[in-house]
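What follows are several structures.
Two complexes, one shared chain (chain A), two partners (chain B, chain C).
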Partner chain A sequence: MRGRPNLYINYKKETAILSTNTQKIWFVFMIVFSIAMVFIATDYWILLLTTAFLIAVASWGLNIVSGFAGQISLAHGVFVGIGTYTGAVLGGVATDYVVGYELDMIIWLPLSGLFASLLGLLIAPIAVRLKGLNLGLVTLALVFIGSHLFSNLKTFTGGAGLGRKTAKVVLFGFQFDDGFNIGNVILEKNQLLYLFSLLVCILCGLGVKNITRSKTGRAYSAIRDRDIAAEAIGINLFKFKSSAFALSSFYAGIAGSLLFTVSGGVEPGTFNLLYSITFVAIVIIGGVGTVLGPLFGALFFSLLPGTIQTVIHSLENFGQGFALSSGQIERVIFGLFIIIFLIFEPRGLWGIWFRLRNYFKAWPFSY
Partner chain B sequence: MKPLRKQGIIIFSILALVLAACGGGTAEETVEATSETVVETLDSPAVTTASSVKTGVGVTAEPCPEAVGGVPTGADPTKGCIYLGMLNDYTGPYAAVAPALETAQRAFWLWANTAGGIGEYSVAIVEGGDTSYNPQKHLEVYNSQRDKVAALAMSLGTPQTLFILDEMDKDSMVGAPMSWYSGWSYKSVDKGLVVEFGSAYCADGMNALDWALASLPVDIKTIGIMGFAGDYGNDWAAGIQVAAAKNGIEVAWEYLPPTLEFDVAQAVGLMVTKPVDAYFPAVGPTQMAQVAGGAFQQGLTPIAMMAAPSYNDAFVKEGFPLKALFESGAMYSMAWVAPYEADTTAHQTMRATLAQMGVESASSFLVAGWSSQYHLKGVLEAAYKGGDLTREGIRRAAANVYVESDGMMQTRELGQNRADNDSYINIPDGSIASGARLLAPSYVGPTAESYDWTSGPCA
Partner chain C sequence: MNNLVFENVSLKFGGITAINNVSFEVIPGRLFAIIGPNGAGKTSIFNCISGIYRPTEGQIKFGDNHLNLLRPDEIANLGIARTFQNIELFENMTVLDNILIGAHRHLDYGPISSLIFSKKVRNIEVEARKRAEDIIDFLEIEQFRYSYIMSLPYGVQKRVELGRALAMDPEILLLDEPAAGMNNEETEDIARFIIDIHEEMKKTIILVDHDMNMVMDIAQEVMVLNFGEKLAQDEPKKIVTNEKVINAYLGGGS
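Then we have the complex of A and B:
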């Protein structure tokens, strides 16, 4: 059906992960481009992009439970934290005051996701009985319980104000710290972590896309749109709400276990309410209930501060003697951007992408 | 329900993201190896004179920028540049004093550069990174600066500095701490990387009790200790416990919760339920004022021997509600150096340089910032004299060198696994600009005198 990309002659093709040639080409191009960035971008940008990929994974998790299944969760950061500390305990080094088992990443990475997922399942019974703001409040309480536990389980987290080192990144015995030589090019830890995070991001992204086209995804949408109606047509609310929370927490756990290995250390205070709210913001800015939205949101959230810094630094003597430091200016601009977005583009970055795509699709008859 | 929920999320999101702090890096520096003729500047027994200077990361043949962060560096445009990192707390519990610390450090190098620099190099501190007094952010900021600097002009906080020590070890990154943990004097803890200055909280704690027993007209039989666990509280408490045991004093209570869990009500409650003759707080200025004020409201004004970070000259400024309490003669503060007005060459130089920069304050944190750089300067001079300004060379120099500070602190031999034992004892006084009148300079009590300082860190 060349030249008629929107004509599907069977259901399987229509629901394919990449349903058009354009999508396939873009997908391959973006992967090649992202890999090429390892050799082009500076360490600073590599760091930001690695963080962006992992935040995207965590945001996809929130998007599954809130965007697809319509269950509000303000405690997503807690699950990221659970993943972080599971990874840190299993893969970290023991010291006088924290435990660590120095296991291989192949063990601690999936276990971080699974453990977070298990705890996600524990709150599922509440999610079935509550919805809307009430559910939001319960998850809010979870943030405070999580914060308290993180601060006080010193053997695992190091304790408030002190923190601990994260897992050592060792995959099948290969230490990321040692770097990797490809001919004359040496890939250092940051670059290897970038590539690994990219891989995790791609796999998790494909996973999310896969959910949307499956029976589970359709059940989530039905629950989101009207849970009573969903139940009336035979959807098991308990089963699907539970699976949404478990899946969401799994994504958060995976992202959390890797997120702080970038810097190498984590302090319990990180996983506060603000942190959880950040994920809500990322999903809203990116586009709620879309597959690409959280990725856009995560890139926006992680890269904009760096961009603002670069601009501020390139303007020589900008801000000298000014009441605000460059960091404060950066935060003000960042906040303004968000307000502008929410007023003028409530569908998020995905909305912009959608209109842009349609404009070129319809060209020269765009309006 | 739905629009309300959406609005709630939107408002939360805006608030959250406006507040979200995002760090960044400074411009990259090109590093070049240079070969220079050595100018003799330091008479140190630790190093031998070499004929050329080897340089590495953070040392450039290009001159330093004229100004960083709006403060002139005083750098000589004909000389190369040694860059120093700065891990400061702009948004955490020490945000109020961070500018004073930074100003004094930049002022120090402005003076040092004007006075000749480090041989054929001037020194510039890069733009400061915000650690929020959080170990995780401390590490992130360190990572963002590690490839640009030869050493650290400041690493603020004891647990924070301990947190990055492994990375500093990998990089051979020497740094001046902004904390007085006794462990900094021992290689078993600091791996020879932390260029300590002044006496530690442990010695201050011993001296505080010894001096109070010997000099105050109060019969001290029972005492209480409060501080932050995992931070300077432990070191301080260990010193006081040693002095208490030696003097047969009863320690009625010890309140040492983690920094974030310090509960003023609980601290005041202890003072009310278990009254003591004197208490020894090693907390932040905010908690200090609240605890002292809270106890005063309950009619309690025991002797308070405050560790250096607990006291702030704002306590005795006109208009402060507790000014009379702090000036009542019941409160005393410890320090590792004499206050701003002291008459040493170093103090005079500091005052002249800060006046030249238009700084009008006389805060003890300016003295802290200024005094923190002397020993680092000594180490850099020794490394230069040894012909090796690479990080490894600087580390070697830091392991065995005499450093002095124009009379501000004792001349000290670094790397000897022995902490200083003298303290300065002040009384709050609003009539002096620094808010502190020196009562006992370089005091060493019997406990600190007889203590085996080669035995390792107190806590």
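Then we have the complex of A and C:
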């Protein structure tokens, strides 16, 4: 054998989640900062951020199947809904109209994910036969089936227009409703939910990162880029498309089961086509196929209303009236961003962040 | 170690007969070449082996396995690796990931372990990386390790695709025109790699080419195809003096 002076052996670090010290510092800083927010932010912003964390989890799910594995799904919102109702049935309180078993969150949270992923598995055989837009159309049909079922399975969902209460948040017997005392500080339910959602968000985010640095993530990318070559390497398309749909729906289910516990109630009409499309938009705006993109997209989407409200309020104080309501402005801005990103920045907010980061890395020698 | 056997294989596309009643056998350890002009059916033979096309008639066997009955991924998992005439790399992945993914079938863990990335997964990944680095070193593509495929010159892409096939650690390697579109120096490099893979890594190789020069230098056995039919099969020295071959192919003055 030849001598091997060029053989590279210092790669152990590269397989780590956070490969540089800068990344580690940022990671810890962001977590500390997010925890600190619970004491600083107003209830309104706590609500928006909690939603953002959970929307991020759901969006990561869509990104797994569409961004990583390249399988279009327009029905992601349906799986969020399945998670919501699984959680509500298992963890909610029974009334004259709806069932509820008041189980502990340690049971209903994982089961919401698992049940959604089980139903996600059912799409996989279709995804093996159909590609691209055809698959998109089938998943579109799923949205309508889902909407119909949600509206009509009244014992589970309360039915259209009425809805039902969501799961009670009780973890190992501890009721979030009761609040939690640390010293003389009381953490209310919404603050506890915020912290719990933050934890779920971090764990799910790490899961996504893990997928990308594993065999599974590589197989997804391979299927997305060239499915025939992927098969010729020994990748079982059925198995990996199935697992992509299952994982994706698992994330959706987990997010869904928690998402509406914030407000405490949910109406079946929520899970319409627009709801599913919103997740597509979030992933596009955040950055398709990236790890952090869906988080950025979810933060953007969830914090936008708050930002607009704040701007409108401060402008109104200067005597400026507005022709559009804040909801309308929100939708216009959101729509514009989708178009702008599709055309100019396919890697979304993540792409912008990536370039900024590289710019500052080289600073002050950046030109 | 398995023999690869074609028994009276035909492949038709509507009116076109891409392969016409072809039989041959590749014994383990061989460097077996298939040559013939463009459109002779060489790539179709590879596509039949790897399960992308189904023969219209005949049997393809690898040891006791009937390849006609298996899916492409099942065939790959028997230890049959290939490269493509028109490079089929994964564009949105780095060179390193393209090579790592070749090792897919040897990495024994599933999607849920991926999510959790246990110590076992970590060890498997580090081990896979070690083998990938061996291949990167062997093919002399160190400086492209983190490059995306699209940004690479054609010759390097060809090497990466060879690397991906090697990472499968196959029993038999199918190379479809590995030197096509390359200059002399690049062709010599590829020839050297193929000889090393054959002699040092002890792989069985089927090499497809429409250009005879490299094949005649390195192959142990050559099969000649023309219009989907097998004209001859022999050792290189005898092929160049075979009359049928001279008439149909060499005489054509290519």
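Everything that follows uses one rule, which is that the second predicted complex is superposed on the first by the 330 of 367 C-alpha atoms of A that agree within 3 Å, B and C clash if a C-alpha of one lies under 4 Å from a C-alpha of the other, contacts with A are read in each partner's own complex, and residues count from 1 in each chain.
To be clear about the criterion, contacts are C-beta pairs under 8 Å (C-beta built on N, C-alpha and C of every residue); 3 or more make two chains touch, one makes a residue touch a chain.
Quantities reported herein were computed from a predicted structural model and do not represent experimental measurements.
In the superposition on chain A, A:111 contacts neither chain B nor chain C.
In the superposed model, A:225 makes contact with chain C only, not with chain B.
By the touch criterion defined above, A:6 lies against chain C but remains apart from chain B after alignment on the C-alpha atoms of chain A.
After overlaying the two complexes on the shared chain, residue contacts for A:198 are found with neither chain B nor chain C. Of the two partner chains placed by the overlay, only chain C lies in contact with A:217; chain B stays clear of it.
In the superposed pair of complexes, A:236 makes contact with chain C only, with no contact to chain B. Contacts of chain A with chain B, set against its contacts with chain C after fitting on chain A, share not one residue.
Residues 42-44, 47, 72, 132-133, 136, 151, 159-163, 165, 260, 263-267, 269-270, 274, 277-278, 280-281, 284-285, 301, 305-306, 309, 313, 320-321, 325-327, 330-332, 334-335, 338-339, 342 of chain A are the ones touching chain B in the complex. Chain A contributes residues 1, 4, 6-9, 11-12, 14-15, 17, 207, 210-211, 213-219, 221-222, 224-226, 228-237, 240, 243, 246-247, 289 to its touches with chain C in the complex. Residues 1-2, 4-5, 8-10, 12-28, 70, 90, 130, 133-137, 139-140, 143-144, 147, 159, 163, 166-167, 228, 230-231, 258-261 of chain B are the ones touching chain A in the complex.
Within the complex formed with chain A, the chain C residues making contact are 50-52, 71-73, 76-77, 81-82, 84, 88-93, 97, 100-102, 104-105, 107, 109-111, 113-117, 121-122, 125-126, 129-130, 133-134, 136-137, 140, 142, 145, 164, 168, 200.
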